[in-house]
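Paired with chain B in one complex and with chain C in the other, chain A is shared by the two complexes that follow.
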Partner chain A sequence: MRMLETEVLVIGGGVTGVGVAWDAALRGFDVILVERRDLAHGTSGRFHGLLHSGGRYVVKDPVSARECIHENRILRRTHAHCIEDTGGFFVVTPEDEDSDYPDRFVQACAETGVPCEEMAVAQALRREPRLNPRISRVFRVPDASVDGFQLTHATAQAARQAGARIFTYHQVTDLLVAGGEGDVRVVGARVFDAVRAEEMEIRAAMVINAAGAWAGRIAGMVGSRVDIVPGKGVMIATAHRLVNTVINRCKWPSDGDILVPAHTVSIIGTTDVPVADPEDLRIEEWEIRKMLAEGEKLIPGFAHTRILRAWAGVRPLYRESAVTDDRDISRKFTLLDHQERDGVAGFITITGGKLTTFRMMAEKTVDRAAAHLGSRKPCITAETPVPGAEHGPYWLGHRLREVEDGRLQNQLICECELVTRGMLENAARLNPTVTLDDLRRDVRLGMGPCQGGFCTYRAVGVIHELKLGHGVTPDTEGSDWRVADLQSPAGNPGRGRPPVSAPEPASSLADHLYDPNLLLRDFLQERWKGVVPIVWGQQLKQEQLDRLIYLSIMNADHLPDAGLKSPLSDFYGVDVTPNDVLEEPHD
Partner chain B sequence: MTDLLIIGAGLSGLLAGVWARRQGLRTRIAATGLGATHWHAGTIDALGYLPGEDAPVRSPFAALTRLTAARPGHPYALTGEAGLREALAAFRALLDELGLPYGGAANPDENLLLPSPAGAPRPVYLAPAAQLAGDMSRPEPYLLVGFQALRDFYPTVIAENLTKLGFRSRAEFLPIELITDRRDFSTIDLARAMDSADLSRLANALKRVAAPGERIGLPAILGLRRHGQIIAALREAVGAPIFEIPTLPPSVPGLRLTTVLREHFERDLHGRLDLGMTVIDFRAEAGRVTWVASRASARPVRHRARRFLLATGGILGGGFHSEPRGRVWETIFDLPLTAPQKRSRWFRPDFLAPEGHPVFRGGVRVGPDFRPLTLAGEPAFENLWAAGNLLADSDPISERSLEGVAIATALAAVTSLIKTDV
Partner chain C sequence: MFNADTWLPPEASLDQCIKCNICVSYCPVAEATDFFPGPKYAGPQAQRFRMAGQPAPDLSVDYCSGCRVCNEVCPNDVNIMEMNARARAALVAEKGIPLRNRLLGRNELMGKVGSHAPRLANFALHNPVSRVAADAIFGIAKEAPLPRWSTTGTFVDWWEKHYPHRLISDKKVVYFHGCATMYYEPFIGKAAVAVLEHMGYEVIVPPQNCCGLPMLSNGEFKAAGKLYDNNLRKLGPLAAEGYDIVGTSTSCTLTLKEEAPHLLDRHDETTQALTHAVWDIFEWIREHEDELPRDFIQMEMVIPYHPPCQYRAHRVGRPSMDVLALIPGVEVHESHARCCGIAGTYGYKKEKYDIAMKVGQELFSFILEEEEHHHTEFNACDSETCRWQIEHGTGQESRHPIEILAAAYGLYDLETRTTL
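Entry: the complex of A and B
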């Protein structure tokens, strides 16, 4: 069995985990992070993309509001390229008029230090012409749109540069414990490497549980009880960017009251349903109807716009006492030092909180870990830009500009999202690739209107050629790659002509699992999973075109090795009640 | 007065136009666009798989009984085996005449298996002559030749899968500069460039990479206008069997097919084809359709005819529309559809489900004379017929029957509407 040793072992490759790894590595600790799937596969990649100003929490959760605005200001510096400075509106719709909430909101913004300025409705409508013209008041706050994939990847990259080792597709199967009755100490973890299909042990002086909605399971391995109430939220993405500003309803937070512009789409969210299992990402029909109906109140005509996709994420809500409504559980984060709490030394859990406050959560966590390990340096993450931040704030047109500038050298593999062959090849070389979904998170492959219809086959072909040593872009291995470049056509200059003579095996492709047909099937099914809940109208026609391509033209349902499965094949299963589909359609 | 107004210019609409015109009917076609023909592979898929079965159908005719037992309302149950045979033979004769010959397996009862652009065997009944040397019953080893600058064709994937299936195969790349100096192109751009390219450079390059005895598979880009001469010249110069493999859409073989049919209808037969003419409304009196109206800039324009043939396709072709609650409807006449009208019943869990998805099998029910039926089972209108992929009880994409259904029902509908005195 492989054995590794480190000072700090972080469990969980969401934004909190990579934030902890980054902070700890900057303070000079030896760090290993393990994530059972890809970075940001969990909640960090399944939200609406809102970088909170704190406005949403000023009335009901002022502590969270203060944390949000504090971190909002920092992340705009340290992670500039992951954030689009859209600003945010809180609008009073006709449904919300008979309430004193707007006045309480203004008061609470002042108390918590969240900048808030009332503006004329006419002025707001000039900026956002699709907004419901019947709104009566508008407040402007410094909300922003943030890319959770980039935020996580860029932070992970900063952690790597500071010396952390990050292992994806490594699942913790058990915690290693030393000592006995009254003197229990966590000394590491047993880990299953899903790509190589082998077990390993990682010994560590401090184990930090940053598994988010799964944190209760990890803590349960040493008998510590951590009550996480996974709160499932459903979001849907429209095919168009309906607004350029984050739009919030100015009311007590509820379902479907946030609309966020994200890249070329807009995302509305969310519901909040307590679920027993954080893997329970089922999307119910009422949730979709609710999103459409609530969207209609913000943007008239919303219910008739073309919807691309729906997904669900689970909030890691920590239950301190009996609380009936999920949304009333605090969004404050929770740091549990199990030595003090349960008498289990060498083990800390960080959970709850918001994506917006991940850096602060990491800071407090590493402060605590450092106190046990013997402190070295103070936290410097608030002053340390991650690689890529030098590009400045995200701007919607950057890819198009770069693609047009470099048009002669680049093939567009995903035309919807302007993903070039160079971007795809470099992402595949640099990040472990088990499924095309991993590359999607890196470069936005397949996230546009055709939902993988054209790019799935192309990506499979490009990866296959790369695997055989026929990559067409220069291999950047050895040089210090930057996550920002993965997202940027200009960061991936293509050469246009294949260096066919010099095979360069791509080390990061998961060899044991690699099969082009499996990549194809997995990604088609992964895209289908998010389409089924919302497909009708024009998108139904699109899906029929995708079926024409993959059944009629490719015959992809009759490729060899149909039985192969990746670690994620089952995860891509769609949960349709058999009664619903087995019945014949004549009714 | 127009004898027949066909709505839709996909394969069924165009063929119905040709056949009706040849019978002397004053025929017009009004359509939004050219349907789905130029998205598909240019092959004629008659019946490739039976619902839920994994093995390809050997003979579409022999399999008909089992198909119609599973799906009694299937369009082939209406045309019958004889109708299907007759239509496929008529199609083949027509395309021979138009200089875009199609061929099939040595045994005319059987399907061919041709390599797909992913390297899986596609069961098709007829294929353009340019694709025939890909026939998987032939013995020659495969050499798949691609161009890395072409994003819609991946020869190494094809070669690897064919090898796994037991066929000797390998892949090579050639520089795209042999065909074009452009850097941004579709397969159609390449086919156009081939029409005027210097073939000797490509032929020499192919000769260099090919080993004796191999057959050479290329992406389907070998010319549009001069396609026949180009493929003959390349075969001659290289001295090897050369064949095309379809690519991602847009499809050059599909475009060639659409083009010859359209030109024959308009130029040789003096039929009138109006594209960009989306039919949105109709008027019926005493059980007869008197006019249909198309969208125009000032006001809808009315088109009168004695007979109307609805060939607008299903969800893919644009003949049906659907909404969030699950209602699916036919967009012009609101004919009753067999599609499940609840969204929760539309789909199966797997995208690639071998049984297909119920929503894509729903369609217009017609009587034996191909007139659409009301829920009571009566013809909806005395002078309205329907053909093609909008018909009920067939999922042409799962069945691989897209063109077979279009061709067989187009001929059957035209035969029926000519016989009917209106």
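Entry: the complex of A and C
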């Protein structure tokens, strides 16, 4: 069995975990992070993409609001390229008029320090012509749009550069414990490497549980009770941007009241349904109907616009005592030092919170860990830009501009999201690629209107050729590779240009994982799963065409080696167990 | 009918795109040049990356000729050409417009200036030295088929002389001549008036100006809007009174009818009335077929006919073919070519001339084959710039179908292009 040793072992490759790894590595600790799937596969990659100004929480949860605006300002510097400065509106729709909420909102913004400015409705409508013209008031706040995949990957790269080792597709199967009754100490973890299908042990002086919605399971391995209420939220994406500003309803936070411009789409979210299992990502029909109905209040015609996809994420809500409605659980984060709490030393759980506050959560967590490990180095993440931040803020047209400038039109693999062959090849070389979905998170493969219809077979071909050593893009070796370049057609030039480089070329993948038929099946299954809940109207037409391409022309449902499975094949499988909670839990 | 509650800008139609690539496989420009990545890329795909207030990310959209073949073949009604035109307008608003495109957009002004001394203007424009100079200085392709000013006066000069002798009738129809008929080809207008009067209609020729299409195709939306408003003031009241307005330039009629309001977001009642009043002349004649006299002369001719892109964009079938088919002895052969290449002002641009000629090749071949097999003397096409391009590409003379119809009544000489 492989054995590794480190000072800090972080469990969980969501944004919180990589934030902790980054912070700890910058403070000089030896760090290993393990993630059971790909980075940001869980909650960090399944949200609406809102970088909170805090406006949403000013009335209900002022502490969270203060944290949000504080972190919002920092991340705009440290993670500039992951953020689009869209600004945000809080709008009073006709449904929200008979309420004192708007006045309380203004008051609370002033008290919490969230900049808020009322603007003329006509001015707001000029900026956002699709907005409901019957809104009566508009407040502008510094909300922004943030790419959770990029945020996580960029932070992970910063952590790697500071010396952290990050292992994806490594699942913790047990925590290693020393001592006995009254003097229990966590000394590491047993980990299963899903790609090489082998076990390993990682010894660590401090284990930090940043497993998010799965944190209760990890803590349970040493008998510590951590009550996480996975709060499932459903989001849907429109086929193109309907607005260029984050739109919030100016009312008590509820379902479907946020519309976020994210890359080429708009995302509306979300519902909040307590689920027993954080893997329970089923989408109910009422959730879709609710999103459409709420969207219609913000954007007339929303219910009839083309919807690309629906997905669910689970919030890692921590509950100390019984609370009936999920949304009444504080959105503040929770740091549990299990030595103080349960008498289990060497073990800290960080949970709750929001993507916007991940850096602060990491800071507090590492502060606590450092106190135990005896280090006094201060946190410097607030002043340390991650690699890529020098590119400046994201802007919507950048990919198209780069494709145009480089005349890369004939290199496009995913035409909808303008993913070039170079981007795809370098993403595959840089990160262990178990499924094409991993590449999707890196470069947005298959995330546009055709939902993989035209890029899946091309991408499979590209990966296959790469495996055979027939890549067309210069190989990635060395240490100056930038994750930010993954997003950039210009950052992945074709043959004949200076080579770009990667720290860990992924060459040792189990052979069968690169089986083209498996890659194809897995990705189609993954894409289709998210389309099923919304497959009507224009998207139905699209899926009819995609079905013809894959099932009729390519016979993709009868490919050889149908028995092959990737570590994610089961996850993508459509759940056919009857669901007994079909009723809408809220009225 | 326009409904403000459900109206969405043409860009919103990008949602109807299912990426099927039918437009890409039909696009004659993408086939001819790598500078244009195709209608799917430039239209519904690029549109998702464009945002008001941000720099225009793509320049290749300027290589769209605006022929509308994509719109025609799209099974899902995506307004690709409109999207491209509006993206070009955003480019122009941001980066400014080359002087050359400004000139090409101002064909009315050019027409007016030249018509003061047409012979001099023709010499000044058409001698090889000035064409080389215009090519080098402005980027106007030296080979491209620029028109010649009429040396026998403008259409309106003739109309004023004809006015006292015009047919007076209870049945009235308004004629929109457009700039080409006004300054370069007044005989087209004379043929039209001859046919309309032969049908028993009193023709009204109101004051009018350029429809604005050349500016729309060059992204000068503001200036085009002014032209449209002027026309609205001049023609709107006639439309409101219930007169039909017919035009012999199919691109002008399409612009008045649909393109300008669509691209410029004009949807008020006056605009609505105008769009419903405007007809392409053959669309109107076919609608009034029962009033069409049948005193045709036996013609005995085969006519290769190209329905221009703008004509097909009217989505009214092939009314010119339907009407010409009534003439005894006339056999009309449709080209089925996608585009002649010129696309209004596109083929005049130095960097696009070769593309335009390549695009036109399938049409040129058809015309030449027809000539070989049927010894045709003329071909026919409803759009002036297309006729000039076809003549340039084939060496065979081209006629407007209205000239052929007028000739079939014995009112017009096809050879000399004069009314009898």
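Heads up, the rule we're going with is that the second predicted complex is superposed on the first by the 554 of 587 C-alpha atoms of A that agree within 3 Å, B and C clash if a C-alpha of one lies under 4 Å from a C-alpha of the other, contacts with A are read in each partner's own complex, and residues count from 1 in each chain.
As a convention for this text, contacts are C-beta pairs under 8 Å (C-beta built on N, C-alpha and C of every residue); 3 or more make two chains touch, one makes a residue touch a chain.
Please read these numbers as outputs of a predicted model, since none were measured by experiment.
When the two structures are aligned on the shared chain, A:472 is found in touch with chain B, with no touch to chain C.
In the superposition on chain A, A:285 makes contact with chain B only, while chain C stays out of contact range. After overlaying the two complexes on the shared chain, residue contacts for A:521 are found with chain B alone; chain C is out of touch.
In the superposition on chain A, contact of A:389 is made with neither chain B nor chain C. In the superposition on chain A, A:541 makes contact with both chain B and chain C.
In the superposed model, A:556 makes contact with chain B only, not with chain C.
Touch criterion met: A:454 reaches chain B and chain C at once. In the superposed model, A:411 lies in contact with chain B only, and not with chain C. Here chain B and chain C are compared by how many residues of chain A each touches, and B touches more.
When the two complexes are superposed on chain A, the residues of chain A that touch both chain B and chain C are 409, 412, 454, 541, 545.
Residues 239-241, 244, 264, 300-301, 305-306, 395-401, 404, 409-410, 412, 415-416, 418, 448-450, 453-454, 538, 541-542, 545 of chain A touch chain C in their complex. Listed in rising order, the residues of chain A touching chain B in the complex are 285, 288-289, 292, 303, 407-409, 411-413, 421, 454, 457-458, 460-462, 464-465, 468, 470, 472, 496-498, 500, 516-517, 520-521, 524-525, 527-528, 532, 534, 536-537, 540-541, 544-545, 547-561, 573-577, 580-581, 583-587. Across the interface of their complex, chain A is touched by residues 36, 39-41, 45, 54, 56, 116-122, 148-149, 151-154, 156-157, 160-161, 164-165, 173, 175, 183-184, 246, 248-249, 251, 314-316, 318, 321-324, 326, 338-345, 347-352, 354, 358-362, 397-398, 400, 402 of chain B. On chain C, the positions that touch chain A within their shared complex are 5-6, 8, 14-20, 34, 37, 40-41, 44-60, 76.
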